[in-house]
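For reference, chains read A, B, C and D in written order, and residue numbers begin at 1 within each chain.
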Amino acid sequence: MKIDRRSFISLGVGVVAGTTLSPVPWKLMDDISIWTQNWPWTPAPKGGADSYKTSVCTLCPGGCGIQVRKIMDRAVKIDGLPEHPINQGKLCPLGLSGLQFLYGPSRVKSPMKRTGKRGEGKWQEISWDEAISAVTKKLKELREKDKPHSVAWVSGADKGTIPQLIGRFLTAYGSPNFIRPPSVHDAYELSAYLMQGQEGSVAFDIENSDHVLSFGTGMLQGWGSPVRMLNIYGEKRDSKKIVQIESRLSDTAAKADQWVPIKPGTEGALALGIAHVMIKESLYKKSFINKSAFGFEDWTDDNGTRHIGFKTLVLKDYDPEIVAEITSVPKSTIEKLARRFARANRPIAISGRGEGLLPGSLDECMAVHALNALVGNINKPGGVSVTSEPDYAKWPEVNIDKTASRGMQQPRIDGAGGSKYPNARYLLHRLPEVINDTKGESPVQALFVSEANPLYTLPDTKATKAAFDRIPFLVSFSSFMDETALYSDYILPNHIYLERYEDVPKPAGMVQPVIGLAKPVVKPVYNTRHVGDVVLQMAKSLGSFIEKAFPWKDYRAYLKTVFKDHWDQLEDKGFTEVKASEDKPWANRFNTATGKFEFYPSARKHPSKKDKDKDILPGFSPVPIEGKPDAYPLVLMPYDSIRLTSGNIGNPPFMTKTIDDTVLKDQTMFVEINPKTARKMGFFEGDRAVVTTPKGRAEVRLHLFDGIEPGVIAMPKGFGHTAYSKYLAGKGANFNSLIGPITDPMSGLNTAWGIRAKIVTA
Amino acid sequence: MKEEQGDKHTKRYGMVIDLDKCTGCGACMVACYAENNVPFKKNETDKLDSLNWIRIFQLTNGRSYPDTEICYLPMPCQHCDGIGKHGHPPCVSVCPAIATDYDYSTGVVSQIPTRCFGCRYCMAACPYHARKFNWWDPVWPADTEKYLNPNVSARMRGVVEKCTFCFHRYQQARDKAYLEGRDEIYESEYQPACAQACPTNAITFGDLNNPDHAVYKLKNSPRAFRLLERLHTNPKVYYLSSKSWVRRAGDNYLENESRPESNRQKIHHK
Amino acid sequence: MNTNDQQHPVSDTASPETGDAPEKRKNGSGWIILLFFVIGFIGSLLGGWLVFPELLYSEKQQPIDFDHELHMAQVYEGCQSCHYFRKDGSFSGIPDLYSCSGCHQYPMGTNPEEEKFIEQYVRPNKEVPWLVYSKQPDCVFFSHAAHVKGADMECRTCHGNMAQSNHSRPYQENRLTGYSRDIWGYNIARLGKPKYGLRMKMNDCADCHERETGHKGACFQCHQ
Amino acid sequence: METTPLIPQGVKRCSKLQFSLWMAVAVAVLLWGVYAMYLVWFKGLNQTNMNDAYGFALWIWADLAVIALGGGAFFTGFLTYIIGKDKLKNIINYAVIIGFICYSSALLILAIDIGQPLRGWFIFWHANEHSMLTEVAFCLSCYFGVLTIEFLPTIFENPKLDKIPFLHHLSHNMHSIMAVFAATGVFLSFFHQGSLGGVAGVLFGRPFSYREGINVWPWTFFLFTWSAAACGPCFTILITWITEKLTRKKLVKDDVIQLLAKISGWMLATYIIAKIADTLYWAMVTAPSMGFNLMDFYTNNPVYGIWILILEIVICGIVPAAILITRKGRESKFLLMLAVVLAVVGVCVNRWVMVLQTLAVPVVPFEEWFMYAPSWQEVATTILPVAYGVIVISLAHRYLPVFPQERELNPSN
């Protein structure tokens, strides 16, 4: 038998025919497509019984209740807690992204010690024992050198048990330098303290107000408790008029009933112009002014000196014609604004810019607050009230030794509460300046940072970095590799909110005294530790009287002691209402020297002696910004977007994904410019440009936007991160690197709302 | 339909989005990503290469400072009923492999990524750009794979995906109803993630055929309009706006052509 | 590859010029050519129908040999005693360790499989990696509630008479797709009555739905 | 080498070296395309510049264009076997080969274009009979089968293969029933050319391409078939001319070309009248009912504006039609070739417009024009079929008796 080529071909044909009639090709074709439907590299999440855990979101001070859906031990979704009084089942994009923080790529997975240069990102994982002993060693060393006051701790909040624990630790250790980052509430609280004599948090009963006159507050962009504000907007839209005074058509302005464009920085003048119309047309609430106000009319003091009152000042200096010139708001608009405000049943005036991370000018805040007094809507439903802090976290004084006592008597490094700024409590923005201005050894020898990211959030990034370079010992407690963590010597990563217990104080601006409790909804994903526990362990390690000041086993035990009777409800429902013992928010009770609402705040201590009345009364002087108009013809302002976090929490990938392509394209951010300004300068939509300010420069693109005043340009806050993960780092520029702080001479607060700038083609 | 016997009528699930209330916060988008296992990339700024089942558009009235107005418009899949009797959306009939269909019992337009072979004809057919293509393999960095929702399949590279009105939630609600021996599911039992999250309650969802559901009344509001009604896509997503320029921006009109407010009602009840 | 071995003699004997004189060779080699065709044809048919299915599937044993009949005698609510519906209407499927260890914290009998279960899983608190014969892929939403509660179907209609089994049969897995062999069925041609329960490819679902409800149902009825 | 039996008798072919060099260039281009294809298949469609607005782009255009140009095969077949224009037998082989190349390229491009090539067979197995694309896929595959059958006899006529009696007889018998295949081909082509037109025409969400029509078939259905029948033969003429220039030989007699050109001319003329009527109805009735003016589709477009419409209808429609239907025009070599090129460009522009401009025009009023430029991978995979075509034609020309008149026109010395 000969086997030739043809036999072979024949065999092949037979094989083909046979195979075609066998299941092989058909089954394989099917199975291969099934394989593509179940590619091993496309995850198929495991199912199982689901459960819901309630907790509170602490990503911002909003205090929303959340329910976390879990499948077995995985957390798969965060939704709003329907029965929660603040958010009523709703949630903001940040809260909804929470699980990206829990499982995301920017977490610090274990305690770390820096091995490379600062900020280089070279780390060595260490154990918790090593980490805590390294920190306490440094603390002991500083105490031995009699310098406990050179330790400072930047804490993201000053209310709640964790900040109080930290404060107590510093007290026991001997440092007065507990510092919280600035907030618009600094100005609110200071105004309320000066004009009403009440210490506590300022609440705006927007729910029950029927006319909201907002001087630039980003009510729908993250101000106060964001979901509360959005919820009010959606649910009570028909029962109130909202007027937004702002130089940019922000989301809030766009959704307001009326948008009043204004020359930026002149909001205070407009408030006084409105006051002028109200007084002149006798539209103010006489019953309140006559009975409960001081300093409205001219008056004579005990020494027989004649003082001018608010009325005289406003009638003399703030005629609508003059105000129209200052603010570029037409006179007729000012009059209409005043009449509508005065005639509303429960009008409320609110000052502040955007989200509220900038305290702003005290004068402006007081001028706006004076409007609330003119309509008598203070400490009333639908108005502004001051609620004192609930006293659930009060413990016996700490017994401290001489070293600590000496340390505690040292002036605060940031100057708050000192002779220059007696009314301020924290002035974090001054810290870099103080350090940089000190010759020789830095006044801060060790800096602890928890739930804050000053290297990103402080104005003038360059100066901040220079100051940090002079601090020999830098510890971050951040859960994430943020800018400050990346720059520190040790990272002692905190659990994130979904892994830890923490009480959540009443959110800013809220009337109802809701206290929330964040609870661990999943086991800690990484080798992290609760910062409260770490503080307790540090105290223990320092020993003697410091240890004795902290008689609790761990943070949870401490928390349970604090909340006593409230604990069960907190554990069960996740929130409770805790009222201060004598709190009557609606009581018409002022604790000023006169017992009245003071247009002329006698408690306003002012270093200058000249022209006292005008300086003490709420007045207007243009809030200065840096830069000369001839070199920098434009004004650069930041804006807040609710889709972009600008505080210590970096934007999660989900939120970055929602950002429009007219705000960020590839890695470059857009600066908004009025088409008229752009045309004059020869720019078109999407053009690349360089923005330069006296503090820095940034490469940007231009977005032509009709909703911004000609001559003003605006950029979003929250970009320009250099840390976190590739999903955030390197996108756009940080506004804080383009601006420096401007200290309000009266309050010490930062007032830098913008800076002069120029743009040139890139 | 043995298992559907209890149904009193055919449902037509739909959505009413109140643009007067929408502040453009993006909560709907994020809630959707989180619920539906939508992945994310380093660069999501190319909106034509970015998986979004609902996307917020910013509309402006085109006037200059200070008369400018803006309006946010969230756009999910419109779940069109289509020309003629319902069941003929632009995308369904074009799919060569029946990877998308119109569910007559709920009115939901489905998309089955495992059936889809990625020809993208449906994307060409959809005037709303509601359909998105998986140009990339989805990647969940670090431990983010752990948060994936087991009720929604992750999509592989090379297929089309879109908003499903969170139909898995309907299925879950049905399961519960079966267990409890109920024929109907309650309005509150089936709400998509976007409607659930929306902080201003701008998104209302329910059965457009059911007079007890909130959407039934809202869709007949004088503020109501739909996108591209003139194409007879007959969407089940309605929008509300008190501003006439916004209502006009929802469709194409010839110059000098006025928006026929009265005709609109006719199309509604087709 | 034996084809290569054969090719050499072929090219040796059949020199290039053979192509020019095909007529001469034709008579003698006709049958051989046919024979080769038949060899190829029958061989690949046999390979395709008999060998291929064996190669396509791998076989695994369940971690514990489970006696359903024995357990059925101990429980009061039939299958749903262990394979129950959760409150939200979802189906629990194979019980987790927690459910089993309710009874089996300590040995209840002397069965070595039970001992193994307690030793290897209950003590170290480790979930049993059961292999699910009827496991559907991730893209499938199968509503047990609709079938068991809504349509009053019995478990064995689809799953076969599991309740009377005394041993866990081997689990066969498709090497390419990772699917259980039960989905396609044990007969590669998908003919005849299946050995265990029903075949569970999409067509099988659709056919049954068409029979029972008059239509196949919309995509989203069973897909997620 | 000239005597090797692989090359048909009595014809002259270039040297093996020359041929190898020529092929090497073509193969190099082909490999570039294959590399791009590999990238697309293994890394996914992110290798392209397509996006969610341009789900269809260069490839689908190439597909549509190549099928329209391949239309020469079915229409010439129709004329030859069914109408009985025997003269065209002298070019039908080449028309079939060109058609074969075009259709196999189209199938390959489709296989690259889909996101899940391994599931491509779903279009047959899970077919949705309502989808134009299903119709396209079925007719395309079937017609490709028909073209293969039509091509086979020519292959079997290779002198070496022809010596195998089985193939010899097979080839002979196939020739005799070729009319049946041609008829099948015409039937299939009518539907898939039409359904390709239907692909865009049925999109009632796209006012730019949506057309009313008869029953389920929009007007574009018929216009596509018509234009393919008109321009396909022009492409055959063009390729024949290029082949003649490259081989420096006359391959087809002028009267054959003239006949084909004349028929094409009349097809084109009638087509362009229908196209103008369709455009007018669309511009004046269909589009305005959807809220669009004609100019809405052509303004805001930074590249071509209204000129693309003028190019398609006037320059590449009316002009070539006018040339081809006049004897003088046809008989001038220059004008004939100009007309043929314009007609080919015209049909390509038409397909381009129906695919890419359809997607570029924003329908939602607050969206903007969408712009697109192909990536190199898309370009390479689109050029791949050209290289492949060059290779197939070169091989066919060298080894197969494609042109019956070649020997007569080039008597060997």
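FYI, contacts are C-beta pairs under 8 Å (C-beta built on N, C-alpha and C of every residue); 3 or more make two chains touch, one makes a residue touch a chain.
Given the structure is predicted, the values throughout are model-derived calculations rather than measurements.
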By mean Cα position, the chain sitting nearest the middle: B
Pair sharing more residue contacts (C-beta pairs) when A-D is set against A-B: A-B
Whole-Å gap between the CA centroids of chain A and chain D: 64
Separation of mean Cα positions, chain B and chain A [Å, integer]: 34
Centre-to-centre distance between chain C and chain B (centres being mean Cα positions), rounded to whole Å: 38
Centre-to-centre distance between chain D and chain C (centres being mean Cα positions), rounded to whole Å: 47
Residues of chain C touching at least two other chains: 88, 90, 137-139
Contacts with 2+ other chains: residues of chain B: 46-47, 50, 98-99, 114-115, 137, 151, 153-154, 156-157
Two or more partner chains touched - positions in chain A: 32, 35-37, 44-45, 48
Residue ranges of chain C in contact with chain A within the complex: 3, 6-7, 9-11, 13-14, 18, 25, 28-29, 32-45, 47-49, 52-53, 56, 86, 88, 90, 92, 96, 137-139, 174, 176-179, 188-189
Chain A - residues contacting chain C, complex: 1-8, 10-19, 21-24, 27-28, 31-32, 34-35, 37-38, 44-45, 48-50
Chain B contact footprint on chain A (complex, rising order): 36-37, 39, 41-48, 71, 74-80, 87, 89-93, 96-97, 99-100, 102-105, 107, 220, 226-227, 230-231, 233-235, 237, 249, 251-252, 254-255, 259, 261, 525, 642-643, 653-662, 664-667, 674-676, 706-710, 725-727
Residue ranges of chain A in contact with chain D within the complex: 29, 32-33, 35-37
Residues of chain B that touch chain C when the two form their complex: 1-4, 98-106, 108, 110, 112-115, 151-154, 164, 167-168, 171-172, 174-181
